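So that you can tell them apart, the chains are marked A, B and C in the order they are listed, and the count of residues begins at 1 in each.
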Amino acid sequence: MSEARTLSLAEIAARLGGEVVGNGQTQIARVASLAGADAQSITFLANPKYRAQLAGTRAGAVILAPAARAATALPRIVAAHPYAYFARVSALLNPPRPEPVGRHASASIDASAEVDRSASIGPHVSIAAGVRIGAHTIIGAGCHIGAESVIGAHSRLYSNVVVYERCRIGMRAIIHAGAVIGADGFGFAHEADAGGGAWLKVPQVGGVVIGDDVEIGANTTIDRGAIEDTVIGDGVKLDNQIQVGHNVQIGAHTAVAACVGIAGSARIGRHCQIGGAAGILGHLEICDGVTISPFSLVTKSIHKPGVYTGIMPLAEHRNWLTRAAHLNRLDELAQRLADLEKQSKR
Amino acid sequence: MSEARTLSLAEIAARLGGEVVGNGQTQIARVASLAGADAQSITFLANPKYRAQLAGTRAGAVILAPAARAATALPRIVAAHPYAYFARVSALLNPPRPEPVGRHASASIDASAEVDRSASIGPHVSIAAGVRIGAHTIIGAGCHIGAESVIGAHSRLYSNVVVYERCRIGMRAIIHAGAVIGADGFGFAHEADAGGGAWLKVPQVGGVVIGDDVEIGANTTIDRGAIEDTVIGDGVKLDNQIQVGHNVQIGAHTAVAACVGIAGSARIGRHCQIGGAAGILGHLEICDGVTISPFSLVTKSIHKPGVYTGIMPLAEHRNWLTRAAHLNRLDELAQRLADLEKQSKR
Amino acid sequence: MSEARTLSLAEIAARLGGEVVGNGQTQIARVASLAGADAQSITFLANPKYRAQLAGTRAGAVILAPAARAATALPRIVAAHPYAYFARVSALLNPPRPEPVGRHASASIDASAEVDRSASIGPHVSIAAGVRIGAHTIIGAGCHIGAESVIGAHSRLYSNVVVYERCRIGMRAIIHAGAVIGADGFGFAHEADAGGGAWLKVPQVGGVVIGDDVEIGANTTIDRGAIEDTVIGDGVKLDNQIQVGHNVQIGAHTAVAACVGIAGSARIGRHCQIGGAAGILGHLEICDGVTISPFSLVTKSIHKPGVYTGIMPLAEHRNWLTRAAHLNRLDELAQRLADLEKQSKR
């Protein structure tokens, strides 16, 4: 995310493919939205509904799909997937700020830990016995890594991430600040024989296993398994403040939006998309390719790909009051309807 | 929140205004509720429904509105807004515990950072290159401030707050423990051309801009913008565990209760109130002066001030089972009703 | 959670009771599920619906209830409460990894704090003035304990827990990473007299009082009281990412699943169970022995034990669209039904 670098359209296409139309020497310093662009910006059109904005953009260049090739006279790059192409251009123009290789003087690292020499260990980090940290991995300030945990190469943990003991995280992970990996699952036995109905803690002896190319959002929590492991597949993307219960399995390339809660032992398929603040009850199964709408609760297994929703519509409050009253007597309404039907058949 | 200080009613009124009725030399050591007060306490009556409790209070003094002036014989202060007045008295009686000015020996501060001499930097803090910290600002233990971020004067970050790089926080901010400002928004392009349907990260190159007099609750997360900034207006109050997605804009003096999720690019007006665990979908707009009830999801833009609600009423579980069954056939019920209507017209 | 230790069935029964049936010298190294067990594993059958799996298990031994005593020919322990017994066996086989007694060199501990000699204070911890830490208590890396707070004996705080000033936590507490105890409650007075409708902060001068044997999940937040204390009873179990507002009271042995929000001044009874992502509005009361289903919002006090639910059922999206349309005209539907009834009575 530095500022000095510029690239010409021709240089961009040389690295990322696509066809340059117009002046290939146009210099690009930054990415921008259609509305916010200036002469040194490259922007993109992926959704036809923004065509009107395209007419007014002051961008230096635009990325377009083949079908929109003629939609502007600006210098442009024609690419099959404009938004993905834009993401790659942005990555070229905004390389991550480099972190110093080696161990910050204030880090506390157990002698038995194996930290690759190319890794960067930030201030106030603690790394316990037997931990292994892969090549080029960055451990941000204030992270704490529990005993015998493993973090793969080319990963980045931002500040104040906590990884409990015996967790395994793959390569190229991105874990945002405040995430907690491997805390105890919520497992208690009802001690029926003890007086007073107290709860007895069930030790959570499984771990957490996270695949490659996983991103985990800020303050998200992934609990360790009760007996076996909690498993997050390759390429899974988890947004902020998600709760993943013990023994959950999430299939590869599933994306979960913020504030979702996934109860213990739920199994979610591959390529699913779970909307924000949705919920998934425990011990059920969701097949591959399912989309759950935001704010919707999954209470049973889903065996058919598709989109599923359970949202209570919003209304002006006084209308909602009436609606809630009707909902509270929905049984009576149905009964009255059945009575009328019976009567009309006589 | 010390204990030794007492103030007379006359001294309080001299500083805060209001009219003393009764013995102005009454000494006040602390604030209290009507029920919990003792002879050294001052309490308040703001809501007429607590008048009965007023009769039984053992408080040394009471703050009342002009209309309730005669509601007690106790020494009292008559003020237009008793609850606001009470808040100010409490602030007088409970000054914040002072933090030592200067830098704790264990803090790790980049040489290029500009930390005002009057600021207090706690233990195990890290402050990266180019950061600026204003006068009298307190950075609590274990906070990490990313490169080039700016925190205004008279602000307080409690412990373990993380601010990513290039964020700007205004004056008099209060940010509670575990909050994360500036983590990446949840932005991925579907790489349709890549095999396997993997997600491609879209670099999040915007920042976060937070106005003056903003309070942010514990473990709340505010993501940085994808391209432009995420913007929080002056005087906004955010409770705990709120998620603010990338490019959200929240207007001045809006208050958001705990556990709310606000999806990317939503724009919320000024003087709104968002109830606990409500949700706001992305790319929509809420005008000024809107109240959203708790647990309600906003799925469309709102252009008219008012109160909006979408709560599924609670019921005894067996009644809910019946109700859910009716909801699952609501379409059929409506059809049967239409059939009857048709029949009755014949 | 070490690995070397094995125990014979006879040794287990000698410590925990129960009746050994079959070879008491069977050596047990670990606990396992019925499906995942091997010859050195002990597993359990608590729920009759897993009887089929019992037939196929390769476990070395099984824990069963008296009624299921003859359900297997494997070596076994017969115990009244197999799951609770299993939890105890797991605790025997998986003793917690010991933490070094004493203070890590990097910890910052105020001279006036009283830290028991048997306590373990981890790296990068800060402990403020007047704090007291009980015997055998473990304070994990990166925890920060505010002035005058007290943490009872035999407690464990995992990494990056923040306890604000003047909070009291009982004995045998387990607090997971990222939890925040004692942040300010969300209390603001509307400053009607000030221009612009700004909010005025009400100082939060109460504390948090937590009983004995309480477990608190990762990134859970418990706010301090506004005037009096927030109170969590003995034996309460809180899962991850729960928000407990100011002045809430939770009765003994109540269990709260992840992502629940409890608004200010709510009072929850003893032995309640609150399902995941449920909500409880402020200033209401829930009696002892109430179960709230997941995703359900409590909007009124509950005075009768039982199970309460308010879930909007999930549907395929196109069906939900129809259903939502009907819900939006539920009032009209009810009116049409009433019209038909009137007509049919003529």
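To be clear about the criterion, a contact is a pair of C-beta atoms (placed from the backbone, for glycine too) under 8 Å apart; a residue touches a chain by one contact, two chains touch by 3 or more.
All values derive from a computational prediction rather than experimental measurement.
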Contact graph of the chains (line, ring, star, complete, other): complete
Self-contact between copies chain A and chain C, residue sets same or different by half: different
Chain A and chain C: spacing of chain centres that average the CA atoms, whole Å: 25
Residues of chain B whose C-beta touches two or more other chains: 106, 124, 142, 160, 178, 219, 241, 259, 277, 311-313, 315, 327, 333, 337, 340, 344
Complex interface listing, chain C residues touching chain B: 106, 108, 124, 126, 142, 144, 147, 160, 162, 164-166, 178, 180, 183-184, 186-193, 196-203, 205, 219, 221, 223, 227-228, 241, 243, 245, 259, 261, 263, 277, 279, 281, 293, 296-300, 306-313, 315, 319, 322-323, 326-327, 333, 336-337, 340, 343-344
Of all residues in chain C, those that touch chain A in their complex: 1, 30-33, 36, 80-81, 83-84, 86-88, 90-91, 94, 97, 104, 106, 122-124, 140-142, 158-160, 174, 176-178, 213, 215, 217-219, 235, 237, 239-241, 252-253, 255, 257-259, 271, 276-277, 294-295, 311-317, 320-321, 324, 327-328, 330-331, 333-334, 337, 340-341, 344
